[in-house]
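Below are two complexes that have chain A in common, paired first with chain B and then with chain C.
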Partner chain A sequence: MVSRVRIAAWLLAVPTLVFFLVLVVYPMASLYVVSLFKWEILLPIRRFIGIDNYVALFGDARFLYSLRFTTTLVAVAMLLELLVGLILAQILNSVSFRGKGLVVAAIFLPMTISPTVVGYTWRMIFNPMYGFVNSMLSAFFLYPIDIEWFSDPFWSLLMIVSADFWQWMPFIFIAAYAGLSSLPSEPYEAAVIDGASSLQIFARVQLPQLKGVIIATVLLRAMDAFKVFDYILLTTAGGPGYATESLSYFIYRTVFKITNLGYSSAASVIYLWVATLFIILFYRVMRERMA
Partner chain B sequence: MDAGKIPKGTVINIGNEEGFQSNAVTESAKKFYEVTGFSRSDFDIKSLGVPFVNLYERWIAEAASKTGGYDIVWGVAGYMLADLVVSGLAMPLDDYLAKYDPDGALMNNVVTSVRKTQAIVADKHYALPSDGDVFLMFYRKDLLEDPIEKTDYEAKYGYPLGVPQTWEEYMDHAEFFTRKKGEKLMGQTLDENFYGVAEWRLKYCTFDWFFTRMCELREDATRVYFDPDTMEPLFNKPPGAEVLEYMKKLNSYMAPIPPWSYSENLTAFLSGIIAQWVTWPGPARFAADPSKSQIVGKCGTSIIPHGVVNGKKIQRSQLATGYCALVNAYSKNKELAYLVNQALHSPTTARVQVSISKSNIDPYLYSQFEDLQLRAGHFEGFEWSTGAAEWLDALRNSLEVGFPELNIPGFWKYMDPLETNISRFMAGEMRAQEALDDAAKQWKQTTEDLGFDQQKTYYQALCRLMPP
Partner chain C sequence: MRSRITRIVKSIIVAVLLGAALAFAMLPFFWMISTSFKPPVEWSASPAVWIPRELYWQNYMEMWTAGGNTALLNTVVIGFASSLTATLVGSLCGYGISRFRTGGSSLLFLILSIRLLPAAAIIVPIVMLYSYYNLIDTWLGLTLLYVLSSLPFTVYLMKTYFDGIPRDLEEAAQVDGCSLIQALVRVALPVTIAGLIVCFLFAIVLSWNELFFAVTLTRSQAYTIPVKLAGWYNSNTGNFWGPQAAQAIVSIAPIVLVASLAQRWIVKGLTLGAVK
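Now for the complex of A and B:
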């Protein structure tokens, strides 16, 4: 009887296992294998070269820069999104007014837009000549502002962070807002009776209870932020020079411009490990801070 | 073609740049059915759009995956052809050409430089040319005819104002016509800035503007990219750095519309705030259309300025991008695909592609340049008030001296470091000579990586297609 149940269980698991092997294990194993080859897409060049691709990558200033750029971008965007998302969630959770649902939906809206559309939109609104951003800044400061959003490394980074922030801050917001809405009211009421201020209640009572939600949300967001590609392709193409080249963009370039599959596979393997380590580190820091 | 031999439900899929290019082919396919008597129930022709920025990736992915999903790959820029040949996507067409175009009526109708550079790799035919893409110069005729501007210009530069003949004159025009809001132009006070020039500075497209100048500053066209004997890169030798400095100086006379690509520049030019522009042939077509342009009747077209080497005038122009159409080696219907490809390049159907308003395909057949209807400005869906014949003549003259892009295997392997370094130079991160020397070093490495002898063979074959 037990063995029949066990067989049935295995049989039921087979489709999932097959999908997992074909869609996850096989491509991942292929990635590691190809990374050990000099593998040219255009020409029939396939030669085993051991860890040469990895050695070359760690001597490649462009790759190292993209690594640094990506981690900076992820760290800055994540912190901003977390901070603003939480504050916004707390504000909306603490007030009640007609049409609140509409406001929440409006904040949520950017998430539903394709990153490609966001990239094109950013290209238009940050256009130094016709764009909305320079016009708005000029009107605000009563002085003509001509920021070169696409050709200055610093401003380009800021523009890409702003795209990521605009589109993904709502993700943190909505998770935090849902978490805050579902918290039990007793600890909150007790803190109010004890005379705690709003800030103290949020920091000492509500935030610790949201720990799990925040960590899960931030981890999901960080994994996604590491893949940043669309905005860059459509706004700066990694430029000026390679000042805004993320790891994803670097890998795309080595596959489709340089057509060196071995090198790009090695970069992808490093990318996976860096992203994993970064996320583990982020998780630990968050857990300790929120304990 | 015998309809009876074609299996029911056969579809010929054409991969093409989405938008105007794909639309033009769809329209010409309608003409194909009209003139051949075939119907869509015999076999269907579908044009499938691919975004411009993804064309190369899509074709490389198709070469790697070998699906045969596209029977005809149309959106192939000239520079991609060698890559698609060595990757196995493009099949040789010489046998089909011998069988179906025995007297050469099809290919001999193509302007010679286009026929060579957008069809041939290592002395074999792999594609049919589809587009007369070459750099032309567009300028504002009204500015050049204005008496105040003429007087001021001559007083400042010491020679009469006219269509720029040299790159030095082009720079003078750029400087002269750049005016701030509130200043006067043609006696009128400007209510917005006016710019002397427009060019692309979008990363991965700037090389065309670099090489269109470099090719006019070498007496021997075969020595622009490499030394054909040693494969030593030559673009970093004089006057390479000067050309980059020249391009950077031009930036100060351009509208601040980074990333300075086609659509941004076109919008600015059509709205009447740009004096001159070296680019692909399209803008004149839009400038003549009152629904799109504020400069109807004011846009002049000319061959680009010439270079001077050792006192000798050198007139060439970059055959930039220049689409061609190949038959996918993995197609299940190769012969039918070839025949459809040939039919869509015949004078009757190809005329549709260049004459409709929603098209970016530029004339490239001798029959199109001699077409009296087109010369008179009678296009399908819109009429050119003036300038159609002038545009056609400038285009034909430019194509005749067309200079090819580096159509050898590994095109982007070569251009990527050059583009990156030009971008870094423009951003002030590198000096001009340093940028070119570093790119040249990477070119040498790429040649070694891909096989010195192979690359030399391909480059020497390309040299045989170059203009004198």
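Now for the complex of A and C:
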């Protein structure tokens, strides 16, 4: 009887597991196999070449660059998003006024729309001729600013970071805001009575209590930022040259441009390892929080 | 007296900062809407025109006839098919995990890890698999992948939903001779209708917005709105800001609607419960 219930319980998970096996486990397993072959799409060539694809990959300046570019982008974006998200959450948490819910909803809105739309909008507003970003910067700094957002690697990176920032800073903000407003008020009140300044209270009392939420959110955010693709396809398409190619974009390009699937597979395997690292970190954090 | 002045200065600073944050968040939306109504003379004007002189609906017409109609149809079909399937499959699995702790904590973690898996990392074998089974550029092909992408959320959400429901009712039903599935369908599911709706909405937003799988796995038939949006620009023809903006509006309008209905839940879904 007990075993029949147990079988029935597992049957409930079967459809989910089928999706998981066919679309995750099987692809992952085949990646490892194919990455050891010279596997041509157009020609009937399937030759075992051991780790040659990996050797070639780590000699490929473009691949190494994409790893470095993605890491830089994630680091810069996380720093900015965390900083501004926390400050904004602290400001909104410390004041109360009518229509506050509406403000939160407005800040939240960018998160919900397609990153493709964000990429398109960024291509439009950063355009040196038809966009308004340069003229707004000029008006702000009272100095004619004429940045070539699409042909200078540094400014292109910043433009993509700003797209990520616009869409996902709200993510950190919402997490921190929800965290702040759910903190118990006693430590806060005690600190106020002891005469601590609001900055001290934030840094010494509230921030330590938020640590768990913040780490979990930033990790999740970092993993998503690492996948960056949509903004790049819609704004610079990896250019100038390959100056804004992320790891996702590199693999996307190989799918269409490179005929040796073994090579693309090897790059994907490396990507999987990076992702696994994030996943392990994330679970350690979540496990502590759930326990 | 002095503390009063500090207070006023403080609230002015806060108001300015919040105003800036709001303007920053809203400006791109304004620009999209504005551009979608600009005639070519205005969308290609330099310096940029902020507000079109009159509403130029031609952009929407052009977008619609140039494939916007097919893109909308594809996105709706794929969205509904994948969201319904993900909700169904996810609630079965969530029920099992909630009631029988199927797979301990590892099964749940395994399913949640799909959320973190980069699409690009598995795209090569997916392309190989799909080419072999002729799933490239089909509704079914994208639908299957969007079900997979929505499952972490639907399983997790339905599990927490079922956790909150006392199991006495189902046990009573089973004593009365209902099978496990009957107890689930007749007793537990009706109570969690809100959870099912949230799952469905979340899944549809996910499929509606997704680009990577769509752009790699569709060609000239099953393309979705994001693919079409990306396709408006190419280096040979240059920019078509107007019709492209109209396409962007079609992409965001329903999402903004859904988001305003289910903001709290979407946050929960996006953060996988990292935020309680």
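To be clear about the criterion, the second predicted complex is superposed on the first by the 251 of 291 C-alpha atoms of A that agree within 3 Å, B and C clash if a C-alpha of one lies under 4 Å from a C-alpha of the other, contacts with A are read in each partner's own complex, and residues count from 1 in each chain.
Simple rule for what comes next: a residue touches a chain if its C-beta (ideal position, glycine included) is under 8 Å from a C-beta of that chain, and two chains touch if they have at least 3 such contacts.
Not measured: the values here are computed from a predicted model.
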| item | value |
| --- | --- |
| Fit-or-clash call for chain B and chain C when the two complexes are aligned on chain A | clash |
| Touching partner for A:Glu148 - first (chain B), second (chain C), both, neither | first |
| Chain B versus chain C as contact partner of A:Leu233, first or second or both or neither | both |
| Touching partner for A:Ala191 - first (chain B), second (chain C), both, neither | neither |
| First, second, both or neither for A:Leu43, with chain B first and chain C second | first |
| Touched partner set for A:Leu82, first chain B, second chain C, both or neither | neither |
| Which partner, chain B or chain C, touches more chain A residues | C |
| Contacts of A:Ala222 with chain B and chain C, given as first, second, both or neither | neither |
| First, second, both or neither for A:Tyr130, with chain B first and chain C second | both |
| Which of chain B and chain C A:Ser264 touches, first, second, both or neither | second |
| Clash with chain C, by chain B stretch, listed 58-66, 148-156, 238-246 or 346-354 | 58-66 |
| Where chain A meets both chain C and chain B, residue numbers | 123, 127, 129-130, 233 |
| Residue ranges of chain C touching chain A (in the complex, touch as defined) | 11, 14, 17-18, 21-22, 24-26, 28-29, 31-32, 35, 43-48, 50, 89-90, 92-93, 95-97, 99-100, 102-103, 107, 109-111, 113-114, 116-129, 144-145, 147-148, 151, 155, 180-181, 205, 208-212, 215-216, 225-226, 229-230, 232-233, 239, 241, 244-245, 248, 251-252, 255-256, 258-260, 263, 266-267, 270-272, 274-276 |
| Of chain A, residues touching chain B in the complex | 40-43, 123, 127-130, 146, 148-153, 233, 235-243, 253, 256-259 |
| Complex contact set, residues of chain B against chain A | 53, 56-57, 60, 63-64, 83, 86-87, 201-204, 255-259, 264, 268, 409-410, 412-413, 415-416, 420-421, 423-424, 426-427, 429-430, 449-451 |
| Residues of chain A touching chain C in the complex | 5-6, 8-13, 15-16, 19-20, 23-24, 26-28, 30-31, 34, 88, 91-92, 95, 103, 105-125, 127, 129-132, 135, 166, 170-171, 174-175, 178-179, 182, 213, 216-217, 220, 223, 226-227, 229-230, 233-234, 247-248, 251-252, 254-255, 261, 264-265, 268, 271-272, 275, 278-279, 282-283, 286, 289 |
